[in-house]
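Quick heads-up: structures coming right below.
After this come two complexes, each holding chain A, first together with chain B and then together with chain C.
After this line comes the complex of A and B, so read on.
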């Protein structure tokens, strides 16, 4: 079974076609990085997989469930990290995590919450403070830990490293590799060519709603950053 | 549910609106209780004075005619145990009349002169809070329920996390509105316990409040979607509130008043007074003929004792004829009132706020029907009083103050 299958997907937003027939798949236990410039259609792809947008044509499925037909089953299997995720500012990190996890039907212990927050590197002393006092990166860390704690087989992450400092990015990349090692299938949207090459088994290059390039990591090795970067830049100027 | 309950308790805005609801309801119920106890105290005092004054007056008279002329009788409509919640018509229609044997219609409609026209908004009682302020609070609690999450960028995360988005919004809205119902109804029930209102009436009223709030909840969820901004939703909902709670009721009232014109209370008073005043100069038969049509039993007792003198029985006969002259007008006034009320009842089906208000006034016995019923009680009592005096006047009985004090009919509001 393939984790995510997208076939000839066409999606329009506000009357213009944003995704112009893209196809790709994500294997179980692998990381797929969707690279592309602003407005290329990356977030749109994730929103379509979550059933928020209806495709004009083509199909998309998550763990063999069609995303237009089994919206709630699909959503249950996905942990979604939205672009610029915001949680409730009047709650602290624990309360936010508890609330959103309960919403998804998952009860957690304090220990589990602390472990997840340790993994993303949020300082202990900030955790009981209201999130309105958090920096952008701190908020992002809580949102990432929320996605991890969902313990779903599939993760859709929209620019997970935005706002993170270099140390936190390295930690995050290690975390993603670790999750893939545990069998999670991860589709990750990013602008960060270097980061993508660090963690992804496969990279898709999206440009104006079309996949214009695809790179696979050789077994046991990483994708060469220079190659991706060159293609990214070349296509961007073309 | 527990999760959403805890979540709601952390929302400061919810606390603000709920406290406001509680304060409004508490104030309305206290004012209502105060008004009702004032009315009760006034009635008790009037009853006492009434009895004492009648004793003194009757004792000072020498014949039945002057006894009837100088003795007043208090009539009143005691507030029900639930009237504190909806003062209703008791604000605008009289609930007490001090009457005597003279022509009655004038005595009833005289008070019409201070009938205020500001009754459009009405008194600040629980019915006002429940029918006009409560919907506003529902709107304030719910207009930004989804659009607020959308603007804050949480909507997608919430909907992607929740097993059922619809269920989440319903439970959030349901909890907030339930809390609102509690904040509104606790003072109401407390007031009911204080005044001794029937449990069933209280339960029915609470039920009506809940249904009404549920209506506004659905309306708000329907008209305030996530895709709009909070400001847009608030504008839509305030407009809807204004329309349903002010514009539609005002238009319906105007329409009904135009469709069913009412004679002026003053016209009735005038018709009756003219008839009475003219009677002095008319031949006696002109008075006795219509009088005897109504009271044929006194046909053999109209003979004049002193040809040039004054006869009380004739005097009271033309008082009665004055009422008879005003009767068609007074009748059409009552029919008009009832017709207006009937139309208002039907039209309230398209005006939820009016329906709510009317339901509460019905429960409290303070609606138009109750006011009309009281007026009929007064007429009926006046009839009893007349029968009693006629028997003494026409049979030329000897006046006995002690007997009069003992046996004179008194108004008894029992029956409603």
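After this line comes the complex of A and C, so read on.
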């Protein structure tokens, strides 16, 4: 069973067509990086998969559930990390996690919370501080730990590494690879060519709502950054 | 715990952790408590004082010595309108109309001709009462705390994760409405206190509760509005702009426009002009103090014929008393005609303004509160009418004594030395014609029926806003 299948998807926002017939698929236990410039339609793709936007035509499904027909079943399978997620600034990491998990109907113990926060590498002493004092990287760690605790098979990450320093990006990418290794299917949206090559099994290059290139990692290897970068830059100036 | 309760609890935690929210909360709570306590004490004191003064006025009247009856007509008497128990929440027109009236012969004194714009003015600024605080200022606190309930989630990008993990827009809506509802409930505690205190003072439970509910409903309208705007907008500036504009329009502009349009469509002639015309009419009736005024010639002829005598001195009744009584009747008819016209006009103006309550919940709740508390224009008018009846009855009672207990001859010689003056007195027992005056509020049913249309508008506003909010919440996207 393919984790995510998108076929000839067309989506309009505010009267203009933003996605102009894109097709791609994400295999179980793999990382798919959707790479593109600002306004390419990356977030739109994720919002459509979550059922927040209705396609004009084409189809999209998550674990064989059509995203327009089985919205709630689809959402149950997905943990979604939005662009620039800050979570609740007046709550600490524990309180944030508890609140979201409560509403998701998941009861958790302090131990589970700490395990998840260990996994993403958030320092123990920060966990009880309000998140308004967190750095971007720390916030992203809590957000991803929430996705882990949701225990969903599919993760949608919208620019999770933007604004992080190189060390934090490397840590984050390692975490994503780790999660894929545990069987999670991950669709990650990014501007960052280098990061995408580090982490993805497959890269799709999105440009003005169209997939203009696709790169697969050879077994056991990384995708070559230069190749992707060349295509990205060439298309961008075209 | 249901998701609505969980979401509401979280909202409260956020408020309690926000310094600005806690500060504004504290300021309003203190303001509410202080205003409630002060107004309660004020009204309680006014109730006791006016009741006491009423008793004293009656005491003073009864204890007057033997006198010429017409001197008692001019000695006069005071009546007081005791504020109803719920005035401690909603003093209503009490603060802009007279609450006491000097009653004397041949005149209807000032409170009778209270300013024609009493009711509209009561909708504006006056001393700060709990009702005014609730109607005018608490919406601002609800706007301040309510405009961000959904926007905050949007800003923190928490809407996406929430909605994508199965929390629906409707869940969020219910939770946030519950949070704001709890806020309204908390803010309404002083109003509940006033209602309970009023009930303890003899007010009907149903009227007190209706007043409390009307105010809860009004704040609920603001909560539902703030929530809807929070859902429908994407920036705090826009949300705050819309909500402040609605506040300015419904609380300041519409009432202003209503008052102006009421006096433009139903103009009053002005007190001076009316008084001049009325005095002209009164002059035509003749001077009741002067039995030989030509205006009473016909009366004299008729009386002489009726008793078959030739001179007024031979009449078995005191002709001067008859003239005074007849004059009072005619005068009162004219005065009442003017007063009724004035009151009708005031009511029409108030009704015209009240129609604007359809677009301004502020006007609707103000009107409903005054009706329910028994501090509305209708009640003030009833006070004026009852006071006038009391006036007419004691004056005519004294005139009757004048006619029957004092002979015409003695009356004519009243200025003839000390003995003449003494013979022109009647016994002080006659002062008992004055009846005790106690003004009581209308029945609860009566007051509720007056408030019904305004309450209905409030319910409609609330339902429409909640429906609108729910519909937009169902379409909520990150």
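Brief remarks follow.
Criterion: the second predicted complex is superposed on the first by the 238 of 238 C-alpha atoms of A that agree within 3 Å, B and C clash if a C-alpha of one lies under 4 Å from a C-alpha of the other, contacts with A are read in each partner's own complex, and residues count from 1 in each chain.
Note that a residue touches a chain if its C-beta (ideal position, glycine included) is under 8 Å from a C-beta of that chain, and two chains touch if they have at least 3 such contacts.
Fair warning: this is a prediction, and the values are worked out from it, not measured in the lab.
With chain A as the common reference for superposition, the partners chain B and chain C occupy clashing space. Here chain B and chain C are compared by how many residues of chain A each touches, and C touches more.
Of the two partner chains, chain B and chain C are each touched by A:50. After overlaying the two complexes on the shared chain, residue contacts for A:24 are found with neither chain B nor chain C.
When the shared chain is aligned, chain B and chain C each come close enough to touch A:72. When both complexes are overlaid on chain A, the residue A:80 reaches chain B and chain C alike.
Among the listed stretches 59-67, 167-175, 257-265 or 419-427 of chain C, only 167-175 clashes with chain B once the two complexes are superposed. Overlap of the chain B and chain C interfaces on chain A comprises residues 47, 50, 52, 72, 75-76, 78, 80, 82, 84-88, 90-91, 99-100, 102-105, 150.
The residues of chain B lying in touch with chain A in their complex are 3, 7, 10-12, 152-154, 156-164, 168. By the touch criterion stated above, chain A contacts chain C in their complex at residues 47, 50, 52-53, 72, 75-76, 78-91, 99-100, 102-105, 130, 143, 146, 150.
Those residues of chain C that touch chain A in the complex are listed here as 1, 3, 6-7, 10, 13-14, 17-18, 156-158, 160-167, 171, 477-478. For chain A in complex with chain B, the touching residues are 47, 50, 52, 72, 75-76, 78, 80, 82, 84-88, 90-91, 95, 99-100, 102-105, 150.
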